[in-house]
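Chain IDs A, B and C follow the sequence of writing; residue 1 opens each chain.
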Amino acid sequence: MKKGRKKLIGLAIYFFLLLLPIYWMLNMSLRTNADILSVLTLYPANPTFENYLKIFTDSSWYSGYINSIIYVTINTLISLMVALPAAYAFSRYHFVGDKQVFFWLLTNRMAPAAVFLLPFFQLYSTIGLLDTHIAVALAHCLFNVPLAVWILEGFMSGIPREIDETAFIDGYSLPRFFITIFIPLIRAGVGVTAFFCFMFSWVELLFARTLTVTNAKPIAAVMTRTISATGLDWGLMAAAGMLTLVPGALVIWFVRNHLAKGFALGRV
Amino acid sequence: MNMEWMAWTLPTAIFFIVIFLIVTAMTIWQTVSPSVGRRGFLPLTTTPGDRLFIGLICAAFIHIAWIGLTDLSLWIVFPLAVAWVIVVMIWG
Amino acid sequence: MNKWENNRAWLLTIPVLIIVAFSAIIPLMTVVNYSVQDIFGPGQRIFVGTEMFRSVLHDYRLRDALWRQFLFSGLVLLIEMPLGVLIALAMPKKGWSVSLALVVLALPLLIPWNTIGTIWMIFTRPDIGLFGATINNVLGIPFDHTASPIDAWITLMLMEVWHWTPLVALLAYAGLRAIPDVYYQAAKIDGASPWATFRYIQLPKMRGVLTIALLLRFMDSFLIYAEPFVLTGGGPGNSTTFLSIYLVKLAVGQFDLGTAAAFSLIYFLIVEVLCFLFYQALQNVGKGANP
């Protein structure tokens, strides 16, 4: 019994330390800049929502969120659509070069984004897609499509092949079987994959910042611009940061049991 | 479409054509007679495709080491790298 | 693994191949092309052979960045792996607290990377940050990550550990949950100590997921960009200029295309080798799971 107690205390301390920096940012976001610079307090004495109001009313701020959400959504849709058939092929069939292609996909997930930065910039300016949402969405496919294939393959391999066989004997064609039977079977996997595509596109900064100028500028870039420019409005920056946590915090509850599987590329 | 931004040169074009031909040849060979993995002197079970990959990566590192450590021409090390790829393909 | 032999399955992978080829192969070819030329502007370039590689390989700043990168990745792994396993062992086993613990644990993983930098900048500033102010004023130790390289390193490592230990813990926890109860009962009957249980039952069973965690963490920390970019910008001096930061400085800051491309290729080759090791580990894990 005593041992369990010790474990619990250790875990509680860890969680406390884990949440402390986030709490500190929340604290900052509820104070004005003058207040932040004058005194150091553990909690906001006069909480104000001024910073949040500014973000919601100033279009150069809130359009950053809208831009991010647009390209993240496009990216998630593209990734899922192209990854579903490929993952099915990898989980069900053996074909020439399958292992090599699978490995090649992995290398793209792991490739340093910085390496692709320069050619991406040139490529998208040549085809005239620079500073559009679709450019960022396509660039993020570089790592999200492989990720989606890996996670989906993990989930699909958990479905016994007999189901496919039975359906084919019953006269289902492959596309019909896939859409009406198979996808509903792995809908948890599809949800988790969508979540991970969403997440990795949402947290990425380098491509999003380089491939956009004004029209499609993501919130991440809007924030860095504020950091490097003016005399730094800490309260505003903290508020913007807090708002970037919201989407992740909202959906995490639904995928809590599959998080490990997703992060391990479907291999747990 | 304007390809100028890709800045092609003859040597790199030859390089990619050779790589492409090797991969195509491998694909045709494996389609006609699929081979199973086996164990050579490398510490893992490999198929010819894996061995090709390992050989090429090794060759790249041999070249980089050569450039980094010596000032001699690359043509001296190039046959060595090719020989290494062939060794890995046959006995790896 | 008995799958259907069918080469027509290639057709199903065509959409993926097109989209990834568009965003991986074409850019990579371009990088190779750039790496053998000196480019002054549109249409103005000369072929220089391996000169760019030579200058990159003899560039002491690149070598410094590389060693710095290995040191950083190694150090954070040394902290993250044991800490993650400890947390996984302490996690609750059942009930509503499991869900809650999982959600709290995963929170840092879902924060945009630049926001992570922002959080830690606000947290560790000596004037307005709780951490910085406590160290400076309460403990009386001067601490400023914008001025002292060592403080910058400590801050970055704290941030990295804070950010990614949950991933190790999550994977280790998933590995622990896969151990059947029978094993624990047997250990209890034999009167095994907690250490023996860990050493002979839990650790071997977690080996697969821990390998994944190790390689995943190594590779991701090897590519770290956004967090140090926001927090320190590579400074003070060059003390936290890691590979990606240096590369972006070269490519975007100085527009030094040839050098940046040669650098990219070497960087890419190193990552490729790491990937290969990772892939082999994954294959073995797969074999272990369904024999």
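In this text, a contact is a pair of C-beta atoms (placed from the backbone, for glycine too) under 8 Å apart; a residue touches a chain by one contact, two chains touch by 3 or more.
Note that this is a predicted model, so its numbers are computed, not measured.
Undergrad: Can the chain contact pattern be summarised as a line, a ring, a star, a complete graph, or none of these (other)?
TA: Graph shape here is complete: every pair of chains touches.
Undergrad: Applying the document's contact definition, name the chain pair with more C-beta pairs in contact, A-C or A-B.
TA: Of A-C and A-B, it is A-C that has more C-beta pairs in contact.
Undergrad: Using mean CA coordinates as chain centres, what's the gap between subunit B and subunit C in Å?
TA: Computed from C-alpha means, the inter-chain centre distance equals 28 Å.
Undergrad: Counting only Cα atoms for the centres, state how far subunit A is from subunit C in Å.
TA: That pair's centroid distance is 16 Å.
Undergrad: CA centre of subunit A versus CA centre of subunit B: separation in Å?
TA: Whole-Å distance between the two chain centres: 35.
Undergrad: Give me the residues of subunit C that touch two or more other chains.
TA: 7, 26, 30, 34, 272, 276, in rising order.
Undergrad: At least two other chains touched by the same residue of subunit A: list those residues.
TA: Residues 96, 103, 122-123.
Undergrad: Pull out every residue in subunit B that's touching 2 or more other chains.
TA: In subunit B, the residues touching two or more other chains are 5-6, 31, 53.
Undergrad: Quick check: in the complex, which residue numbers of subunit B touch subunit A?
TA: 1-2, 5-6, 26-27, 30-31, 34, 47, 49-50, 53
Undergrad: Which subunit C residues qualify as touching subunit B in the complex?
TA: 7, 26, 29-30, 32-34, 36-37, 39, 42-43, 45, 47, 49-50, 53-54, 57-58, 266, 269, 272-273, 276, 280
Undergrad: Subunit C touches which residues of subunit A in the complex?
TA: Going through subunit A, the ones touching subunit C are 3, 7-8, 10-11, 14-15, 17-22, 24-25, 28, 36-37, 40, 42, 78, 81-83, 85-86, 88-96, 98, 101, 103, 105-108, 110-120, 122-123, 138-139, 141-142, 145-146, 149, 199, 202-206, 210, 219-220, 223-224, 227, 234, 237-238, 241, 244-245, 248-249, 252-253, 256-257, 259-261, 263-265, 267-268.
Undergrad: In the complex of these two chains, what residues of subunit B are touching subunit C?
TA: Residues 4-9, 11-12, 15-16, 31, 44, 53-54, 57, 60-61, 64, 67-68, 74 of subunit B touch subunit C in their complex.
Undergrad: For the complex, which residues does subunit A have touching subunit B?
TA: Listed in rising order, the residues of subunit A that touch subunit B are 96-97, 99-100, 103, 122-123, 125-127.
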